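Below, subunit A partners subunit B and then partners subunit C, in two separate complexes.
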Partner chain A sequence: MTTVQLTPEAAGLPGFDETLLARIGGAAEPALLQEKRAAAFAQYRELPMPQVRDEEWRRTDPALFPFDRFAPSPRLAPVPRALAASPWDEEFDVVVCVSDDGFSIHDRTGLLNSGSLVVLSLADAATRHPALVERYLQGAARVKAPRKFSALGDAFWTFGLFIHVAPRVVVPNGVLIRYQHRAAGKAVLPHLVAAVSDEAQLTIAEYYESPADAELLAVSTRELYAGRNATLRAASLQEWGARTYHIGEDWVRAERDARVEWVTLLLGGQVSKMMVSCDVHEPNAQAYLSGLFFANDNQHVDQRTLQLHSAPHTYSNLLYKGAVKDQGHSVYQGIIDAAPGAIKVDAYQMNNNLILNEGARADSLPGLEIDADDLKCSHGATMGNLDESQMFYLRSRGLPEAEARRLLVMAFFEEVIERVPHEFMRERVREDVRRKCGEGA
Partner chain B sequence: MSEQLPFFEIRNLHAKVEDKPILKGVNLVINPGETHALMGPNGSGKSTLSNVIMGHPSYEVTGGEILFQGRNIIEMEPDERARAGIFLAFQYPVAIPGISVAKFLKSAADARFGQGAIKASEFIKEMRENLKFLEMNEAFLNRFLNDGFSGGEKKRMEILQMLTLKPSLAVMDETDSGLDIDALRIVSKGVNRMVGPNFGLLVITHYERILTHIKPDHMHVLIDGQIAMSGGPELVKEVEKNGYDWIRARFGKEVLV
Partner chain C sequence: MNKTETTIKLETDSKLVQEYQYGFVTEVATDELPKGLNEDIVRAISKKKNEPDWMTDWRLKAFRRWKAMREPRWAKVTYPEIDYQGIRYYSAPKSAAAGAAEADPELIKTFERLGIPLQERDRLAGVAVDAVFDSVSVATTHREMLAEKGIIFCSMSEAIQHHPELVKKYLGTVVPAGDNYFAALNAAVFSDGSFCYIPKGVRCPVELSTYFRINARDTGQFERTLIVAEEGAYVSYIEGCTAPMRDTNQLHAAVVELVALDHAQIKYSTVQNWYAGDEKGQGGIYNFVTKRGHCRGAHSKISWTQVEVGAAITWKYPSVVLEGDHAVGEFYSVAFTNNRMQADTGTKMIHIGANTKSTIISKGISAGESANSYRGLVQILPSALNARNHTCCDSMLIGDKCSANTYPVIEAETSTAITEHEATTSKISEEQLFYVQSRGIDEESATSLIVNGFCKDVFKELPLEFSVEAIKLLELKLEHSVG
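Now for the complex of A and B:
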């Protein structure tokens, strides 16, 4: 493993400097975006580089991300292309394809012409809807100050997508975003901003893939916003190849009476570190945060979640389930944070882990930070191998040991898989889990 | 061919769990077409016997043989025994949230009969028919296996599995315990559907009640890890009336002789 000495004094990563900022952003971009990037760059430079001695990074050494081996990809431009046939696409109104040579936005049902739904690159959105971009980019969904890697993504994003649903519009089938990267040695930084206005509804599905042999690095940032009485359902399936590194920083915010569902499915990649922060910001806001991760071979998956209850009478429900196998290592750190005066809060956090063999490792650190009385908070974690009596039951019905194990691992994850909005993605995840269980026992 | 291979025979079976000997020389022969009942006081080893027949890994066989269709199955894995045609209806079927009944039954049938041996459409038709026969709602197929099932529903699910997997030898481990009259009737109806010239059955029970629905040809009493007495169906009545002490006393005498 290459180790780069990153000191707080030299808080920049190799290559992510003014020169790159000018190349990625620069005069070609609308002034609004240039300003936002510049502000983020200033924050990025001020923030210290995470260190392995930091509590958050103790189990995931920042040096696991070999930034020095990657050159940032140029900012992606639109490319005209026909939508390659994929059965998944038929489930959506809009399909966005992102690859090394550019991006394309496909309006399958004509909804983009109606004006009720906006799906544009950030550059186009900044030109055509500057007030909306001003409000939501590095904006409304972010309740707390940026962190090092969210500032990095804000400053250097190489592809930005802006989704906006007008008030009271129910988008019937939603938006699919497919990221397919294959250029080895590149760092890609996708940024997603999605805002669902009051009383509106939207479903988003994201899919990431890269070839097994291409070494890639991704830093993804997302800002998801659900207005009053809005519904936002989103699922992200990360199926990167075995040599891809991924850092993700997400914010989700729900206003009064809004409901957000955010499912993170981490199956691929070499090293992944994801931070999902959610604010149930106004009374009666509800958030359902779900996670599924499976680290096998020598994969390393680190997830951190924040359930922030800014207001009284708010609800959050978090369920993260993970499995580790072979030499895989997973880390889960959860925080429930209820603001002072946030009474009648109902917060739930559960992290279940399956450790499928000796040598695999799962760390789980659920936690609470509460400044209010009169609230209901519960959290917990479980660790263990498969249940012996369930194994015997399945085997007594003729299922060979390896098949019984596979079925039980799949059964373990089913509770999370059921929270994925689309059946095609549910099926895909089941296939991934089955494959990762392997042929042997 | 030197001799007729036994269908199912237990020879001088010894087994222990956590270093505690439970079975101390069990002998039992079941021929095709026969239904045997096994009764015995608590702790006599009835559930151990059923678990050992199925190959539960927590039980260690320390001596003897279990012959099934001419083969000693002691070294066989539980799933090999099941695929060979042995079925155990559990006393306490475990719940497996996350696996639907339909998926489970299909996986088990594929394992038993071979992948693709049954057409999906035929399989579904047969499942529906079996459900109807056991007076179960089709909604069961989409429920998670035994998850939130009542005691009676769990036992009916065991019998549904038996009908699906069509074993040639079945062991029922106190399937009747905790069942009300209706559930017992339905469960027995399902079992009796299996009974025939190519099917051997061992019904382990505490109560005579189930044996009025499933008529045994032979009755055995297990005491302290051994078959203390065997007889015809009339022995059931005697046990029900007089308990086990007289058998224990007589058995003890015989051992002492």
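Now for the complex of A and C:
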């Protein structure tokens, strides 16, 4: 492990230093993980702390995150049962439960014994499948240079999960990952690596939850890989309590003929800043990126996306819908980047925003960076309140105003909700939206 | 200050001249200040113009602010460091310095060659022209007719002499001296430009026009235009520009300020055809311009139409601040880049007043190895109840070595506003090309036809003669970019 000179505290988050690195990684971890953590830590120390004057942080002041109020939580260890069973578990082959006490992996249908599906903690995976971990952890999906918080996550992740599907295996019901954190004042750093081999299929559902009064910091990193002709459908529902802060960095990569669907649902938390980078890497690969965010009270959501078309004949379709209410503030920034030579690319990006009352604010920055000629890239962005004539129609049918508004907001989001692969999650999101609309909406 | 006299030899590379027919140099004796920029130069410019003290102080203040500022680097353009001390900030034809009204026959010839009639006999053309040659205005036509209506149309220098109260009242109120790096530079050293004042209730009967010509070597052009339309007034203003072809870059940092009071309308059209450099990117004008309109009054309207086909680098965002209730802002733009040209252009629509509306139509065409970016801001402040914006940015790519970028920003802070933004990027449609070619039209003409169709929404906003000019210009620029 290389030693890094300590620099002033300002260069990083309090407590995230070499001592912690030794405690979290340390001798107990396989050498492979130690090396990757150390390399990420070196990058983390070098990168400057984001400032509000940085273009990326202009609309989400880093000062919104009270970093000094959080102590790093220890690396999680396996426990017999981290969480009580949930009715949702029944829809899945494998359920992973993560809480402050530790994590547990439940093989509900015996698929894990067959060897075709691997669901292990990163530490176990590094021991049992070092070649796979070497390949996918901080792997080829990382199309952008490391940034402060991705490096932080890579160096200090407190729980790592590794999912791998062997070639030509279709996982019928998929994997559910439930994160439930309750301890206030803690920083949790979950890391997910999911790789679907050639011609295999997998569905993943992720769910985050914390109590309304517990102040938490989450820094998540996710890497999703779809091999040739593979299908990966994944959705993440973030329902943190009102005092949780979340910074997330996702990488998605689709190889030849692959199909990736990635749905991000941001409903909870105080401040969320998320980045999704999707590399549609080989011809005929398809990516469907979807997002839903709803910022009410004084929530702040900052969602960024990158659709990188690094090869010709690639397809991507992005739909992000957001609503702001009360004092809520949302930011959406998307880029379609067609690399030189990426001809016959078909890329689409749509961001719709509902501003439900005075005092709320929405920013949209849909961007195109095109360096090839024979292609079709387009984007659209809209902002506005509910359609008055639709309101009138519903009211004339006798619906109370609040109910009519709620119905229209639900209808607005339904287009994204339909892209969520799991029924339980679709229902849950509809409930959340309904609740957020409020009685007097 | 030393006065230097220079005569410039006519450049005779005929092949080049064919490609850029406005690339000739006029031989005139010039009155120049030495190269470089410091407080003495700023004072000297002010002195040459015989300006009152308040104007000199305004310039000096701007200069001090400029010195403390850093050149912006956020635009998607690259260029070598500009040596601000290597530029001559003042150069005027000697004859013009004597008296602007009786222009030098050599200058009249120059402008005629550019298609700009300066003599009164051409009054039937229906356009009043202010011609700016390097640093100073050389002639302004149609004055008496305009004066009858109370319209003031003269060079900025004259306005400072004869209408100081108006200049004082409006200068720098839309683009403050310290607005940005290039605006500050302009405020310090601006030498001329046009001043238009349309009094209450007057509809300007002719199009007002300024023609900018950079002639001398190593000079920069820093003109400042101010248009004020009082209550209920209307004016249509046209701006054109060309420069000789030289292998070094020349800086053009202009500022345009428009003020529209209640029910006033200003229509500002530009056909920008600065020399763009050769196919290797050698030479050309750096066009770093700040243009902003202020819809100060209720029901006022400001409309920008621009056809940008020249300049090595364009950095320009004609904007409208919609302060008055029911104000309307419009931006129609065609930006064409070829060879190694770079354009980073767009608009800002700042909605402050209630029921304000804005429309943005931007058409970018990139060919060769050029880079063409649209950058725009639509900002709806909480006070802009029922604000409305529609934005459409289309990019067309001709060739596989060029790039097209779109960077819009939309900020909405009221639930009563509606904004729509759409953008597409694609290559020229093969189907359309096939259709036109199957009618017996060759590929180059077919491309030209389709590109013209692509730009139609913008061209139709231009005054008629200008529209014809723009179509011809684009056709000319498109030559050799196919295949």
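Convention: the second predicted complex is superposed on the first by the 428 of 441 C-alpha atoms of A that agree within 3 Å, B and C clash if a C-alpha of one lies under 4 Å from a C-alpha of the other, contacts with A are read in each partner's own complex, and residues count from 1 in each chain.
Just so we're on the same page, a residue touches a chain if its C-beta (ideal position, glycine included) is under 8 Å from a C-beta of that chain, and two chains touch if they have at least 3 such contacts.
This one's a predicted model, so the numbers in the text were calculated from it and none came from an experiment.
*Asks:* Fit or clash for subunit B plus subunit C once both are placed on subunit A?
*Replies:* fit
*Asks:* Identify the partner contact of A:R45: answer first if only subunit B is touched, second if only subunit C is, both if each is, neither if none is.
*Replies:* It touches nothing on subunit B or subunit C.
*Asks:* Thinking of the overlay built on chain A, is A:H313 touched by subunit B (first), by subunit C (second), by both, or by neither?
*Replies:* neither
*Asks:* Touch test for A:L399: subunit B only (first), subunit C only (second), both, or neither?
*Replies:* After superposition on chain A, A:L399 lies in contact with subunit B alone.
*Asks:* In the overlaid three-chain picture, which partner chain does A:R58 touch, first (subunit B) or second (subunit C), both, or neither?
*Replies:* A:R58: touches no partner chain.
*Asks:* Touching A:L407, do we find subunit B (first), subunit C (second), both, or neither?
*Replies:* After superposing on A, A:L407 lies in contact with subunit B but is clear of subunit C.
*Asks:* With both complexes overlaid on chain A, does A:A360 touch subunit B (first), subunit C (second), both or neither?
*Replies:* In the superposition, A:A360 contacts subunit C only.
*Asks:* In the superposed model, does subunit B or subunit C contact more residues of subunit A?
*Replies:* Counted on subunit A, the partner with more touching residues turns out to be C.
*Asks:* Quick one: classify A:E415 as touching subunit B (first), subunit C (second), both or neither.
*Replies:* Only subunit B is touched by A:E415; subunit C is not.
*Asks:* Tell me the contact category for A:S389 with respect to subunit B and subunit C: first, second, both or neither.
*Replies:* Touch status of A:S389: first partner only.
*Asks:* Working from the superposed arrangement, determine the closest approach of subunit B to subunit C, counting only CA atoms, in whole Å.
*Replies:* Superposition on chain A places subunit B and subunit C at a least C-alpha distance of 15 Å.
*Asks:* Using the touch definition up top, name the residues of subunit A that touch subunit C in the complex.
*Replies:* 55, 340-341, 343, 353, 355-385
*Asks:* Show which residues of subunit C lie in contact with subunit A when the two form their complex.
*Replies:* Per the stated touch rule, the residues are 74, 380, 382, 395, 397-427.
*Asks:* Would you pull the subunit B residues touching subunit A in the complex into a rising list?
*Replies:* The touching residues are 54-58, 77-79, 81-83, 87-88, 90, 93-94, 96-99, 104, 107-108, 111-112, 144, 161, 165.
*Asks:* Along subunit A, where are the residues that touch subunit B in the complex?
*Replies:* Going through subunit A, the ones touching subunit B are 387-390, 392-401, 403-404, 407-408, 410-415.
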